[in-house]
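In the part that follows, the structures are each spelled out as structure tokens.
Look at the two complexes coming up: chain A is in both, with chain B in one and chain C in the other.
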Partner chain A sequence: MKDCYLGIDIGSISTKGVILDTENNIVCSSYLWTEGNPIGAVKNLLDVLKKDLPESYCIKGIGTTGSARKLIGLMVDANIVKNEITAHAIGTLSRYPDTHTILEIGGQDSKIILLENGIITDYSMNTLCAAGTGSFLSSQAKRLGIPIEEFGTLALKSKTPVKIAARCTVFAESDLIHKAQLGYEKKDIVAGLCKSIVLNYLNNVGKGKNIKGPIVFQGGVSKNRGVVKYFEEILNEKIIVDENSHLMGAIGIAILAHNHKKDKSYTLNIKDISFETKGIECNHCSNHCELLKIYKDEKLIDSWGSKCGKY
Partner chain B sequence: MNKIKIGIPRSILYYYYGELWTNFLKKINCEVIISPTTNREIMEKGNKIANDEMCLSMKNLLGHVFYLEDKCDYLLIPRIDNYGVDNQTCTNFLAMYDIIKNLFQTPVLNYNIDVVHKDTEEKGFIYIGIQLGCTKKQALEAYDQAKKQTEEQKQIQIKQNLQKLKSKKNKLLIVGHPYNLYDDLIGKPILDYLKKLDVELIYSDLFYHQMTSKLSKQLSCELYWKFNKENIGSIPVVENKVDGVVFLSVFPCGPDSLVNELVIRKIKLPCLNLIMDDLDSMAGFETRLESFVDVIQERKRKHEQKNNLIPTYGKL
Partner chain C sequence: MNKKTISFPHMGNYSIPVEYLLKHIVDANIMVAPKISNRTIELGTKYSPEFVCTPFKYTLGTFIEALDLKANILIQAGGGCRYGYYSELQNQILEDLGYEFTYINLVSKGHTDLRKLYHEFKKIDPKFSILKALYYLLITSKMIKYMDNVDDYIRQNIGFEREKGALQKENKKMLKTFQNTKGLFSLYRNYKKYFKKIKKIPIDKPLNPLKIGIIGELYTLMEPFANYDLELTLARYGIEVKRYTNAHYLLFEKKREVKKYLKYAKEYVKYRMGADAVDNIGRTKYLCTHEYDGIIHIKSSFCTPEIGAMPIINKICNKYDVPVLFFSFDANTSKVGIETRLEAFYDMIEMRRKK
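Up next is the complex of A and B:
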């Protein structure tokens, strides 16, 4: 039996899972949409991974990261739950040890991580507003009737991207509608959008940061070649996009699960376990906390959100 | 004879003067009623009464005043214009007396601080005393005693705060107004979460204000908001003693949005800028706080590595 470690990265848009062997090589991986249902998505994810995992491997550790890390960590009984900044940095460093800057644009978060000799020295994240992230791009793609997968390729065809306000997506959207109604070509609008994402990112998240090469770009949006092109153009640096750039968070957390040294054997038979959450409003005091109760096999295992600590 | 009941909302200026007010009012034989710590009901009520451009803390204040309505004879809401030249307060502090007077039925005590026009704190207190039926001499005596008592308390708190700088844990300076930091629904969840991560917190409001006010000039000479100057002046004091700075403000606080942005560009410590609004979910904040503490930890490790390298190099 060979040991291996599972990393799960549950983002707002997509759920990623990676199984690494002890040498940090990928044994198998999976990527699917969260669709607002992290529990269901993880169940499907584990199902896929279970089919792909050769029988000679045994999972010794599970780590969770991403915005639903706490919930899923509880569900799969993870031995480590970590935020996505650390996970992304560790994942990237395992592939590109000299990385100085990590650009990351995901579904609802965008962040920049600066490293020096393999140590995180600074980072910044978008404020709670989701301007200029993946969810904005995909909703605009839908508006324009273009599949998100073709978005980047179409943007590359444009020679004169239209100018689109880059500060706030509400303005960007009205700008975009006006430009479309004026009769600009679709490819130019798409290219303009990609450019506005880059400008928005550099104005907000990257503001005042010393962006030096080697630069690694990851997160779902890194698959968009249009955005990559404008990053290269504006930063005047080569941008590295790994073929597994969408999996970096999951890889990082799997490595952390390995390093955590709290090994135990896991099976992937989560699918049969019933796992439910119930949201209630507590009327015990005037705070009216929104409580989330978590049931595993109809047994209450945890509840969150109480301000007074009664639950 | 029944004592006169004075209502004090547990919001904004309570966090600066609550102690002094209570001590003073008790000395002139009044009953003090303080609203409870902020809860959802108070906040929602305040939201309903408030106009949409007010900051979260002002909305909060209105909720607290609403709670006190019908429970007291007078409300204590000062009108603060300035504490001298270049020592102004946010315009909301100037406006709140009139806003509350117009929105609520309970009479508000006259209490005006405008040091430029010679309306000092002492004068304000004497005036309150006279309104509540004591003589000028009695009021002055009560004020002097209350002031002394409160100062002693404050000194102890400041000492405790500065004592924490000696701690071996990760240390963060929390820069923010006390009415945000210590409010149950605004700052407290954030501070509690940081404490859970085993971080020692040093609060920017518990410093010697004369010193911090002067030191703020190192960061900018042009600021004229008293409370902001006192807050950011704490940064030069602890610059080499803390591992990072967390700025905590509410949306849309005018002075904070300008001052914090300005300071973040000038200091070399790792910074985290958190802007709170009426958001119920802590998830976004937890990610930011947890990763911030991670980064600090990493930086410390790097620093230690560097320091360790020198002796080994020397041995070679």
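Up next is the complex of A and C:
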């Protein structure tokens, strides 16, 4: 039996799972849409992974990261639950040990991580605004009637990208409609959008950061070749995009699960376990905490959100 | 007419000394408004201008809750930033909402007009006496000093207490005795007694723990509800926390200290920039040169003096290569986002330490 480690990265838009062997090589991986249902998505994910995993492997550790890390960590009984910043840095360092800058654009958030000699020295993450993230791109792709997979290729065809006011998604969208109605070509609008994502990212999370090569670009948006092209153009540096760039967070958390392993084996049979959450508002005091109660097999295993510690 | 009932905004535990002072110098009901809750901030946000700084929203919410419980005299202070205009605006908003009350503004146009205040208190209580007020002001200032001393000790050690919550439990007992202080001596005795007890609580502190300095805008620093219990969260990671701003500093030390800070950080800042901006720049330099592992700067959204200080703080931290994390808190910040960033910050400083 060979040991292996599972990393799950549950983002707002997509859920990623990866199984690594002890040498940090990928044994199998999967990528599917979260669709607002992290529990269901992870169940499907584990189903896929189970089919792909050779019988000679035995899972010795599970790590979760991403915005639903806490919930899924509880569900799969993970031995480590970590934030996505650390996970991305660890994952990238395992592939590119001398990385200096990590650009990451996901569905809902975007971040920049600066590294020096293999340790994080600075990072920043977007705050309130969705401008410059994948969800903005995908909603605009829908509006323009272009499948998101072809978005980047189409952008590459353009020689004269349209200028789009990128400060804010709402303004960008009305500007985009305006430009379309004026009669600009679709490919130029698409290229303009890709460029606006880059400018927005650099003006927002990248502000004041010392961006030096080697630069690694990852997260779902890194699959968009148009965005990569404009990053290279504006930063005037080569941008490395790994073939597994969308899985970096999952790889990182699998490595962390390996480093924090306990003597325990896991199976991927959680499809039949019922796992439910119930949200209630507690009215016992003026705090009105929003409580989330978590039931595994109809048994209450945890509740979150209580300020006073009553639950 | 109803009996006179005085109320005032909340900030941390400081309602205890304020209540104590008012109780002894004016003959009126003193109402400690309900503790800040989600309802407070909802009310405050509803009736505030959208882009005002968050302390305005918290204090307005508290005033509305107090007025609904039949308070009819409100007290507000002011400071060297937008805080200096809170009173006028809050007074107007509350009047427009149809409440009837007297609004006492301790600091108007940047000064405290003692004569005007004397007349205002005389109106509330014809027997108001300056001598008595001075005596109780003295006790109150000592009380604040003692509270801040104990708080400092707790902040440094709460991450390492063997029995979780033990420090806070003793602290609460001490504050309870402070509420019924008879005079200077009894205050001092209780302080000594409980501080001794607090120091005896077992602490498992490593020789050289991770240390973080917290700086920023005063209200967000001092009201745990407004900073989403930042200090407690850090403590849970086993970090020693240093914070300079407390009520005693603001009331009695600031005037002197600002001059020192201006001199100390003269290569970065020449003039006062309002509120605590200069103080925070000076503290940044100090923290960077005294082996702190990181700095966290917090403010409420739209806090102008701190926005001015942030690029300078960033510059100093870059120069000394000390990580800094900036937070802006508003009425509806998500706690999850804060936790993600804090956890990453902790991972980062821990990794740096190991190298």
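As a convention for this text, the second predicted complex is superposed on the first by the 310 of 311 C-alpha atoms of A that agree within 3 Å, B and C clash if a C-alpha of one lies under 4 Å from a C-alpha of the other, contacts with A are read in each partner's own complex, and residues count from 1 in each chain.
We adopt the following convention: a residue touches a chain if its C-beta (ideal position, glycine included) is under 8 Å from a C-beta of that chain, and two chains touch if they have at least 3 such contacts.
For clarity, every value in this text was computed on a predicted model and none was experimentally measured.
**Q** Is chain A touched at more residues by chain B or by chain C?
**A** Of chain B and chain C, more residues of chain A lie in contact with B.
**Q** Give one of first, second, both or neither to describe whether A:Glu84 is in contact with chain B, with chain C, with both, or with none.
**A** In the superposed model, A:Glu84 contacts both chain B and chain C.
**Q** First (chain B), second (chain C), both or neither: which does A:Thr267 touch?
**A** In the superposition, A:Thr267 contacts neither chain B nor chain C.
**Q** Once the shared chain is lined up, is A:Asn236 touching chain B (first), chain C (second), both, or neither of them?
**A** In the superposition, A:Asn236 touches no partner, neither chain B nor chain C.
**Q** Just checking: does A:Tyr123 make contact with chain B only, chain C only, both, or neither of them? Give me first, second, both or neither.
**A** Once the two structures are laid over each other on A, A:Tyr123 reaches both partners.
**Q** Examine A:His288 and indicate which partner it touches, taking first as chain B and second as chain C; both and neither are also allowed.
**A** In the superposition, A:His288 touches chain B and chain C alike.
**Q** Quick one: classify A:Ser56 as touching chain B (first), chain C (second), both or neither.
**A** Neither: A:Ser56 stays clear of chain B and chain C.
**Q** Where on chain A do the contacts from chain B and from chain C line up?
**A** 67, 82-86, 117, 119-123, 125, 127, 208, 285-288
**Q** Write out the stretch or stretches of chain C touching chain A in their complex.
**A** Interface residues on chain C, with respect to chain A: 34-35, 37-39, 311, 314, 321, 323, 328, 336-337, 339-341, 343-344, 347-348, 351-352, 355.
**Q** Going by the contact rule at the top, pick out the chain B residues touching chain A in the complex.
**A** 39-42, 184-185, 189, 265, 270, 275, 279-280, 283-284, 286-288, 290-291, 294-295, 298-299, 301-302
**Q** Spell out the residues on chain A that touch chain B in their complex, using ranges where they run on.
**A** So the residues of chain A in touch with chain B come to 67, 70, 82-86, 109, 116-117, 119-123, 125, 127-128, 208, 285-290, 307.
**Q** Any idea which chain A residues touch chain C in the complex?
**A** Contact set of chain A toward chain C: 67, 82-86, 117, 119-123, 125, 127, 208, 285-288.
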